[in-house]
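In structure tokens below, several structures.
Note that subunit A is present in both complexes that follow, paired respectively with subunit B and with subunit C.
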Partner chain A sequence: MTEPIFSLQTSGRLRRRQLISRAMGAGAAGAALLAVAVLAVVVISVAHRGAGALNLDFFTQSQAQGYNPKGGGVLFAIVGSVVLVGIATLIALPLGVLVAVYISELAPPRLARLARVALDITNGIPTIVMGIFVFTMLVEAHGQSAFAGSIALAIIMLPLVARATEEVLLLVPSSLREASLALGVSRWRTTMQVVVPSAIGGILTGTTLAIARAAGETAPLLFLTSLGVNSHADANPFHPLQSLTLVIFEYSEQADPAFQAKAWAAAFVLMCVVLLTSLAAKLALARYRKKLGG
Partner chain B sequence: METIRTKIEISGVATPPDARAREAVFEARGVSVFYGDQRAIDDVDIDIYRRLITAIIGPSGCGKSTFIRTLNRMTDLVPSARLTGELRYRGIDLYGPKVDPVEVRRRIGMVFQKPNPFPKSIYDNVAYGLRILGLKKDLDGRVEKALRAAALWDEVKDRLRDSALGLSGGQQQRLCIARAIAVEPEVILLDEPASALDPIATSAIEDLMHELKRDYTLVIVTHNMQQAARVADMTAFFGLDVSPDGSRQGVLVEYDETEKIFTNPSDKRTEGYVTGRFG
Partner chain C sequence: MTITHAHEGSALNRTRGRLDRIGDPVLKAITFGAAALAVTILGLIAYELASGSGLAFRTFGLHFLVTQDWNVNFDRFGALSLIFGTAITAVLSVAIAAPLAVAIALFLTELAPKPVRTLLGALVEMLAAIPSVILGLWGILVLGPFVQNQLEPFLNSTLGFLPFFRGQPSPTGILTAILILTIMVVPIIASVTRELFTTVPPELREGALALGATRWEMVRGVLLPAARPGILAAVALGFGRAVGEAIAVTMVIGAQIGIHPSLFGHSDTLASRIAGQYQGASTNLQVSSLVYLATILLVISLVVNVGAQFLIRPIDRRPRRRRIALDRALEAQGLSAD
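Let's turn to the complex of A and B:
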């Protein structure tokens, strides 16, 4: 047998490198844990504080008349939120995808850069400014409506959808575009039938984030829909409608702890609605992917 | 057999006896391609004949791919690319003002270096072009015909609805060939179609090319000389020219029957390349 002349065990500098490696790994894991913990704390505390007001009536009844802390529910605030965000999504999703298609597939580089900057600036405008803008454009002439609120939310969602979509369109390999173009398929149909479907996952993720953001908006809705209307059983988008965020805002301003509990409960419901939307999007995506296989 | 004769009067364009009896599908005269100010290929004269396999060989960077991409206007996709000279496809100026590149590409299909199936089912990959071009009558029949022509039918007939991405590399490349055949082009351009494949898959693609030659004009770019020797009727050797100012551009060094290129080339540069002595 040959006698070993060196060691293969950990020693010296290697020990130091392994320590650093372990510390970095632990740091990353810790940061991830912290992020999850923050979410958990928020969800638990909101649920805990709202638990007193959460019952079947809360989901099935319209709001009690005349600031009565007893009874009543937020059914039409849920409906209103869904209508508001639903219409906003119907506007922002196709527009946002088209904007992204223009930027990533069609625009000359200089215009594309300009459009990107414009989207980022739109994204940075405080949402209450959007509210005031839509107020002067629509509400002054036509009165409050959920539709006006949806327009404001759509403007807020548009840059989010467009930027997210654009980023994923850039990731679609150009070999797929070439494959389609080489078959004698026009640029536009190539984009719509090959490029956009290949990026559908990212588009859905971006849209879900935008929906979550819009569903949580309060400020732009204050002047556009529903302020002061708290008991209407209504789902017509051309009427002012309640929304969950406005209920939270209104109830949390009340002195009565019963109202405050309701505000927490409404906040919990809002979080659940957003969570369900994002789960639904993930499920839809998984089904779509399964259909494609691969 | 084709009986149409084309007059070839320009000196330097090789016209082997066998090919002379054929119709020239592509006629290039003084074709140069520029990317911005950079000249990629310089002054290429070549006739490519109907229902033959024409191989384009040469060292890296000699403009083989650039040249084949001019044949169906895929070069248009590079905004800075520009072509001078004349390139005719069956008598029509390919770069003429009223020529629609989409129509050009429908007639002149292309298969790429890396298999690039769409993330769709095997069936939908082949049916894609047919649907868009409105060839929807007997879609199933057309898909089957294309897959048979690409020698893939027996391997996939029981799983047409499965994703194309689950196929092996060689199968994916034959699917891409089926996809190109399905829309009934006249010419199929193959840009290093086997360079990402193993030897068995490569051999399947080469056999397939021999089959396809009966119905299609094939042009193949390859950096594999044995492959050119095995499949091609005509071979064009592209080389690199270095200008006095140091810029490099691809030039067509020699174009002749494959056998002549590999056994008795006229140009020293060709001889050096095919015998493995570069330079």
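Let's turn to the complex of A and C:
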């Protein structure tokens, strides 16, 4: 073995290039850390302020008499949120799945593209615009109701459910379809009894993500279901109902710290529900994708 | 053919056959109806907003867009100050968010060790899942005092010679809104950009590295050019989100009409003005003016979305892009190699 003629030590420009590269890498790591730090600060400060104000009354009682901030709970808002999001899901889930089946299984390419673009554009419309839309369409003539709010939420959920479903339908191996068709099974039976059932896990996790998103929406509900504050627990979708998000919004503007404490508590509950469901759904979706894809 | 005989022999199978014959067109019709409804909703939204803003449009016309007033008592309304507020908050928040988000995406695809990748990616996406009303609440009660007591005095003492950093520090205002919007926009741009980076073929990366490029030169010469149209589309989507955010902004921006250079001052955006006036618009003209604002928002979101789709489309024509990226990579190497 002879000695290497050239030194293998880095020097001069190469060292500078490597330094720049390392500095950029450190910057990228710093950016990622910053994002995680912001998440931690938000989550911890909501948990810190919210958990203290939680008690059993918060979940089991409604507004105390005479808009008294002390005591009472937000049962009415929890019930309202469940009704609002529940009805929206009942509308958006079947509709979204049907749209996705059309796009990925049955439509001619041009119509499929049109529908996809329409879904993407709907997805990009600010949610407050959805609120105004349902306001001019329904509320101006028929008054506020939880049902109007549910329609706005359903329009927000529809593209999410449809695109998530379309994505998992595309993952269903075509050999399944071909096997079914080759056995003489008709097209609609193949679609509804072979393809859709084998994608059902992905469809439901996609829907769960859409539910988590709808549960956190405030803007589309402002005009539709917020006035005539119902402070007792009411589940009639044809009455205006409150939701957790509306309660946070309203209480945050009150000067009384007792109201702010309730806003934090409601924020803590909502944050836990939304973050945990969307995290669980994302993990399930990743596993499901791996199963179908691999 | 025994199979056919068995098929025709069974009564059950005969009904099945009939069901199958009508089943196909029925399924097609139902799903087509659903898809048509999804498209119709878009048209319906445009129609309702146009008719709802009719009164304001007839009263103010396009002057609405260049009038600053928002005076409920005199029934005079204009969007100029709101358009200004929307533009300054959305542009500045995206300007802060875009480089951060691209850096995060780079870290997640290129640098972070595999197990950290999934965890960090999930955490960044969780940031996007936080409901905006919660970020708004946090913005008023936690971020606001920090902005008032630390950030704004600091900016004023270091950069106070610029008109943007003058004025009374305040917990609410343009700066707080920009920070909240940045938090919302970063995860959107980061997750799209991350997807883009993973679709860049590995042989491009390996080629650049094999030619002696450092990791950063590979990123700058290969990855970023290959993903550029997609990154622009992601930035456009983030911009659309920032423009349309109503609740969190209305909670922290201060709801004030007026155009001024100070980032410490109060302002209002199109979306936040709509949200802020929900407690009862007093006149028909005011309601109609709010719908007019929503119509402007709808137009902006359409332009941004369609623009983003146009930017993304060339990516589908992979081979050409790949060639360009490769050329650029080689060029960068030729220029920067020792």
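Assume the second predicted complex is superposed on the first by the 222 of 294 C-alpha atoms of A that agree within 3 Å, B and C clash if a C-alpha of one lies under 4 Å from a C-alpha of the other, contacts with A are read in each partner's own complex, and residues count from 1 in each chain.
As a working rule, a contact is a pair of C-beta atoms (placed from the backbone, for glycine too) under 8 Å apart; a residue touches a chain by one contact, two chains touch by 3 or more.
Predicted, not measured: the structure shown is a model, and the values here were computed from it.
In the superposition on chain A, A:Ser180 makes contact with subunit B only, while subunit C stays out of contact range. Between subunit B and subunit C, more residues of subunit A are touched by C.
By the touch criterion stated above, A:Ser45 is placed in contact with subunit C alone, subunit B being left untouched.
Once chain A of one complex is fitted onto chain A of the other, the partner contacts of A:Gln260 are limited to subunit C, with no touch recorded for subunit B.
In the superposition on chain A, A:Trp188 contacts subunit C only, with no contact to subunit B.
In the superposed pair of complexes, A:Ile103 makes contact with subunit C only, with no contact to subunit B. Touch criterion not met for A:Leu285: it reaches neither subunit B nor subunit C.
Of the two partner chains placed by superposition, only subunit C is touched by A:Thr245; subunit B is not.
Contact with neither subunit B nor subunit C is seen for A:Val82 once the two complexes are overlaid on the shared chain. Look at A:Ser198: by the touch rule set out above, it reaches subunit B but stays clear of subunit C. Common to the subunit B and subunit C contact sets on subunit A are residues 186, 189. Interface residues of subunit A, counted against subunit B in their complex, comprise 173, 175-186, 189, 193-194, 197-198, 292-294.
On the subunit A side of its complex with subunit C, the touching residues are 12-14, 17-18, 20-21, 24-25, 27-32, 34-36, 38-39, 41-42, 45-46, 49, 95, 98-99, 101-103, 105-107, 111, 114-115, 117-122, 124-133, 136-137, 155, 158-159, 162, 186-189, 191-192, 212-213, 215-219, 222-223, 226-227, 245, 248-249, 252-253, 260, 263-264, 267, 270-271, 274-275, 278-279, 282-283. Contact residues of subunit C toward subunit A in the complex are 20-21, 23-24, 26-28, 30-35, 37-39, 41-42, 44-45, 48-49, 51-52, 99-101, 103-104, 106-108, 110-112, 120, 122-127, 129-138, 140-142, 183, 186-187, 190, 214-217, 219, 237, 240, 243-247, 251, 271, 274-275, 278-280, 290-291, 294, 297-298, 301-302, 304-306, 308-309, 336, 338. Here subunit B touches subunit A in the complex through residues 72, 74, 77, 102-107, 109-110, 112, 114, 116-121, 128-129, 132-133, 162-166, 176, 179-180, 183, 185, going by the rule given at the top.
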